[in-house]
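Going in written order, the chains are labelled A, B, C and D, and every chain counts its residues from 1.
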Amino acid sequence: MAFRAAVAGASGYAGGEVLRLLLGHPEIEIGALTGGSNAGTALGSLQPHLLPLADRILEPTTPEVLAGHDVVFLALPHGQSAAVAEALGEEVLVVDCGADFRLREPADWERFYGSAHAGTWPYGLPELPGHRDVLKGTRRIAVPGCYPTAVSLALFPAYAAGLAEPEAVVVAASGTSGAGKAPKPHLLGSEVMGSMSPYGVGGVHRHTPEMVQNLSAVAGERVTVSFTPTLAPMPRGILATCSVKARPGTTAAAVRAAYADAFAGEPFTRLLPEGQWPATSAVYGSNAALVQVALDEAAGRIVVVSAIDNLTKGTGGGAVQSMNLALGLPETLGLPLIGVAP
Amino acid sequence: MAFRAAVAGASGYAGGEVLRLLLGHPEIEIGALTGGSNAGTALGSLQPHLLPLADRILEPTTPEVLAGHDVVFLALPHGQSAAVAEALGEEVLVVDCGADFRLREPADWERFYGSAHAGTWPYGLPELPGHRDVLKGTRRIAVPGCYPTAVSLALFPAYAAGLAEPEAVVVAASGTSGAGKAPKPHLLGSEVMGSMSPYGVGGVHRHTPEMVQNLSAVAGERVTVSFTPTLAPMPRGILATCSVKARPGTTAAAVRAAYADAFAGEPFTRLLPEGQWPATSAVYGSNAALVQVALDEAAGRIVVVSAIDNLTKGTGGGAVQSMNLALGLPETLGLPLIGVAP
Amino acid sequence: MAFRAAVAGASGYAGGEVLRLLLGHPEIEIGALTGGSNAGTALGSLQPHLLPLADRILEPTTPEVLAGHDVVFLALPHGQSAAVAEALGEEVLVVDCGADFRLREPADWERFYGSAHAGTWPYGLPELPGHRDVLKGTRRIAVPGCYPTAVSLALFPAYAAGLAEPEAVVVAASGTSGAGKAPKPHLLGSEVMGSMSPYGVGGVHRHTPEMVQNLSAVAGERVTVSFTPTLAPMPRGILATCSVKARPGTTAAAVRAAYADAFAGEPFTRLLPEGQWPATSAVYGSNAALVQVALDEAAGRIVVVSAIDNLTKGTGGGAVQSMNLALGLPETLGLPLIGVAP
Amino acid sequence: MAFRAAVAGASGYAGGEVLRLLLGHPEIEIGALTGGSNAGTALGSLQPHLLPLADRILEPTTPEVLAGHDVVFLALPHGQSAAVAEALGEEVLVVDCGADFRLREPADWERFYGSAHAGTWPYGLPELPGHRDVLKGTRRIAVPGCYPTAVSLALFPAYAAGLAEPEAVVVAASGTSGAGKAPKPHLLGSEVMGSMSPYGVGGVHRHTPEMVQNLSAVAGERVTVSFTPTLAPMPRGILATCSVKARPGTTAAAVRAAYADAFAGEPFTRLLPEGQWPATSAVYGSNAALVQVALDEAAGRIVVVSAIDNLTKGTGGGAVQSMNLALGLPETLGLPLIGVAP
């Protein structure tokens, strides 16, 4: 194996997903695994699905432990990545699964995260126009948020083709792993099973400025996104329903052609055949993004629905995909295209 | 008990929910129970939760069997209600849980259901302006669809107060019981658990014209509804996320006041305290509709989320509520306000 | 209403279920509601399904707050009930949903709970031989554990009829609400959805001595119970599969007759018709216990399966049922027999 | 790729799982895919998770279509395999995922399946003593049932070591995919979510004689199995709780040693560290079998719990594992050891 990778935050859901994928990656050797309060614990009791790593003991998240790797994945709480990255040196590939380096505008960061902006790194969504080239050879990657991944992939073709007005309405349902592994009463199985509920309504969810940033860049004008996330009774998956007003004269054929063009040659984004709509179960554990689109002629709107696995394409898979580009490896190496269903 | 009620279609989910509620209703005696292919079967094997009716044998759905009751609930496939109702006579209260008599415009019916329009009956959503009075004493009730119930309750206050532009975007998640009890591969537990998927996207769902009808009547102008239903991994519940552009000058306070006013004195619709968002689990088995609202100032949109139980307030509970009005009984009689949670 | 009741521990699942039932009880007025760390919080944010109590503020759990009621329900952590009960006085009916007063043998308590034994109160399972009379007029009730309720109801008829050897094997699946509302990582929705797992294997679960106590009393000899609880991906419900070796000469007819006799006249325990097996969904929110039995002739064993709602018959419903007996009210008053399904 | 494989019954859950694994197998090229009533349909609409095969059209299940492959997987209804296998010729490796060739005793087959016995093929559970050698180079494989896989792996070490009495009690919970993809009312998502229910109680489940056969062969005497399967609200997974009376003098250390010995060197069966119990989520999509064991000293019983994925180790993964042995490939080739969690 050509490269050695460490994972900081290996006990959480993001870190666990990165490890699940790295275990199947032919060019990566797994090095140090670190945890916060879980340092000293065997990984087997925290991530029992990662059998080959069951006996590995989590180390503390320190520069010394993370030193000496070719790649370091950071799956840390927001705000902790900058200090760790700085200590690692510029030649190490640092892949940050957190939010710290995603936003370009310091004001956006300050408004939604309430602290000083750490900077901006190349944004790890290769499917967006112009992004793939920036990721090749980079030594810093900001992994996109899970919702922005689902929504940006769903809407960028419409904006790139000039078919949509710059006001998007998005309602997305996420599996509970998107909320992390820290135990909170509203995330108990007893509370989430059999229930749907919204949160962060009214434009206050932290992923909103990231969607605005991505779509505005493609549209060439400021796009607003009215985003409502909902918590769905499932462990994984995001289903994003995205609605935009169609520009005058837009036809269903033009919409379909825009998506076919935008996804042509892409390994992971798929426009489904007409009449087939995406289900999150079809991408369970896979790095694929399934998309379908319709033109609602009565309402004059384009409706796009995308399905991803929030932990795979939305986090760990997106991270490995960008890592592959940064390391000069084939972009799809080690990444599952096939979901586990039913 | 003052009244005797029959239920046609007692083996399905709608009929079962009507019976669950009638069993707790102090003024209703349960009469004939009928089924289609299940005629001759004991109800206990089909609806094992209705213990007091376990030994009742389903009869065929004929005018003779349904004759002699004060109230007849129809929980039949679309298109079958008109003939049954006609045979029952005008003095019998007929409560149709199907779609046949909901729409006012024959053209809407023909376009979405593909058959001849049977007519229009008083629409059983007492909370809509002007509807309660029409229901008092009526002998025909068209029970609203589950999605139109959730969406109309969520949006009518904004339209009644003149705060919203006439273009609504609605994404709703429904429990699987909304799709009925006829077994189909995509409704298998193996398929729906752990998965979210959309259907009827692009304005083709049959509940769309019903929403348009309700909201246009309140708004006093044609309201378009871009409606996307999604299937959620839960047996019951609808969470409707509704987004409308705010008219210029709309303030968050004005929005909140409009909802407080619209729901004042209502027994089942509740505007939640600020900061608390509805979850479908809180209305599991109850006739309540929980609503919360936010003004997304950056996007200029009012976002309203409502949660109902699709089988209770969305079907059987709504039916009994309107029945109470028609029979001159207290509107809330026999209807649970308290959900079964967690 | 004739009686006033307080609930200590109103923010948890047991307390919430007691309140759900008391809200529908015609002879109970709800008095003080107390919480631990939640004192000072409105109940609406903690138990959003209990709409009529949404504005009630939790008070601290002190003798002063709980004084002046006819009935006090204790839904407190193990070990806290004795002190509270003592302060309330002997004339107050105290219904303890915790374990403190269930066991007769101090050694059992000490071994399984690791503290000093507080005493033994009348055991609130009226269906067990001899128990109903003891509960009439009592002022102290120990509400049984949820698993012992399901298992004792399933097996006592076989032991009462002398059909079973005194070695029971029990595997039970419980909904997650049985594990309470305190957030722990293994109870997160992300962890429990899509997963079954055992815990407390090998005779170490605290409900084991309670089952042994109940079944030994009926059998007239020491019965061992090899009990394995499992956590199932559902909020509510217990399905207990109980297996005992049949005594020589036992016939299927004799087994069936024993259960029919044992449940004759009982309002909540039901032997299902032959060929129909219980599902927990059929008792969702109801106080019923559904039971079916088979004789496995090849293995020489009687297999009994029972289904209850762990929060209703297994906790709050059992508590109210015994309360009714203690207060001289009809035993079934305010208790749902009908589940919420599907 | 060295071998070409056809899959008969590619639209069902077993066939889909075989294909999921073959798509990741480096030595298998996927040839013909056949279906029954689904012949002529694109696989993408039936198995949307198998993206690389989305455009493949199902062919009818005929000898002509299946001819010319090195390996043919049969995922057909019971009773159809013999005729197909005969037409394929003896040099083709036929892997039967159905039950037809699992049982040795014609009387067992006739009693549980009600038709003439087709014969007995090498049984595809390499972990059982003596089985691996038989599978090497064979051209016929009977893939074990999902429950017998979970139960045989859980109990054979205790019998091999002479620690257990020959009367096993087994209660197993299965995900709904074990019941197949043919739509039936009791398998609807509305019915299974939030519910546990037993079926085939009392020794009548068809997998019972298969367990008896496996365990008796290891024990060297007739072992009875009192088996109760239950349907759990999850798509995949089996959790088998197995209880046997310990022979006199059995110690916890001896039990643990027996399992450690039995699993030593095995690639897929794992005895978990003491104190850690298996969860089905940890083997979601993986070919691993996780096992833990306890000695209940009070009851004198050994309790063993195993977790597998019913579709992977329990069907498609077991099939591929045995195929590898038959073809002379490394036993673990193409088989995931790592589950998709959470």
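We adopt the following convention: a residue touches a chain if its C-beta (ideal position, glycine included) is under 8 Å from a C-beta of that chain, and two chains touch if they have at least 3 such contacts.
The structure presented is a predicted model; accordingly, all values stated were derived computationally and were not measured.
Over half of the residue numbers at the chain A-chain D interface are used by both copies of the sequence. Of all chains, the one whose Cα centroid sits at the greatest distance from that of chain A is C. In whole angstrom, the spacing between the mean C-alpha positions of chain A and chain B is 37.
A separation of 44 Å divides the Cα centre of chain B from that of chain D. In chain C, 13, 175, 177, 181, 188, 190-191, 193-194, 233-236, 278-279, 281, 284, 342 are the positions where the chain touches two or more neighbouring chains simultaneously. Under the stated contact rule, the graph of chain-to-chain touches is complete, every pair of chains being in contact. Residues of chain C touching chain B in their complex: 13, 16, 20, 23-24, 42, 44-45, 47-52, 54, 177, 181, 193-194, 235-236, 270, 272-273, 276, 278-279, 281-286, 288, 290, 336-342. For chain C in complex with chain D, the residues that touch the partner chain are 167, 169, 171, 173, 175, 188, 190-191, 193-199, 201-203, 208, 224-226, 228, 230, 232-237, 239, 241, 243, 277-281, 284, 292, 294-301, 303, 305, 307, 342. Interface of chain C with chain A (complex): residues 13, 175-177, 179, 181, 183-185, 187-194, 233-235.
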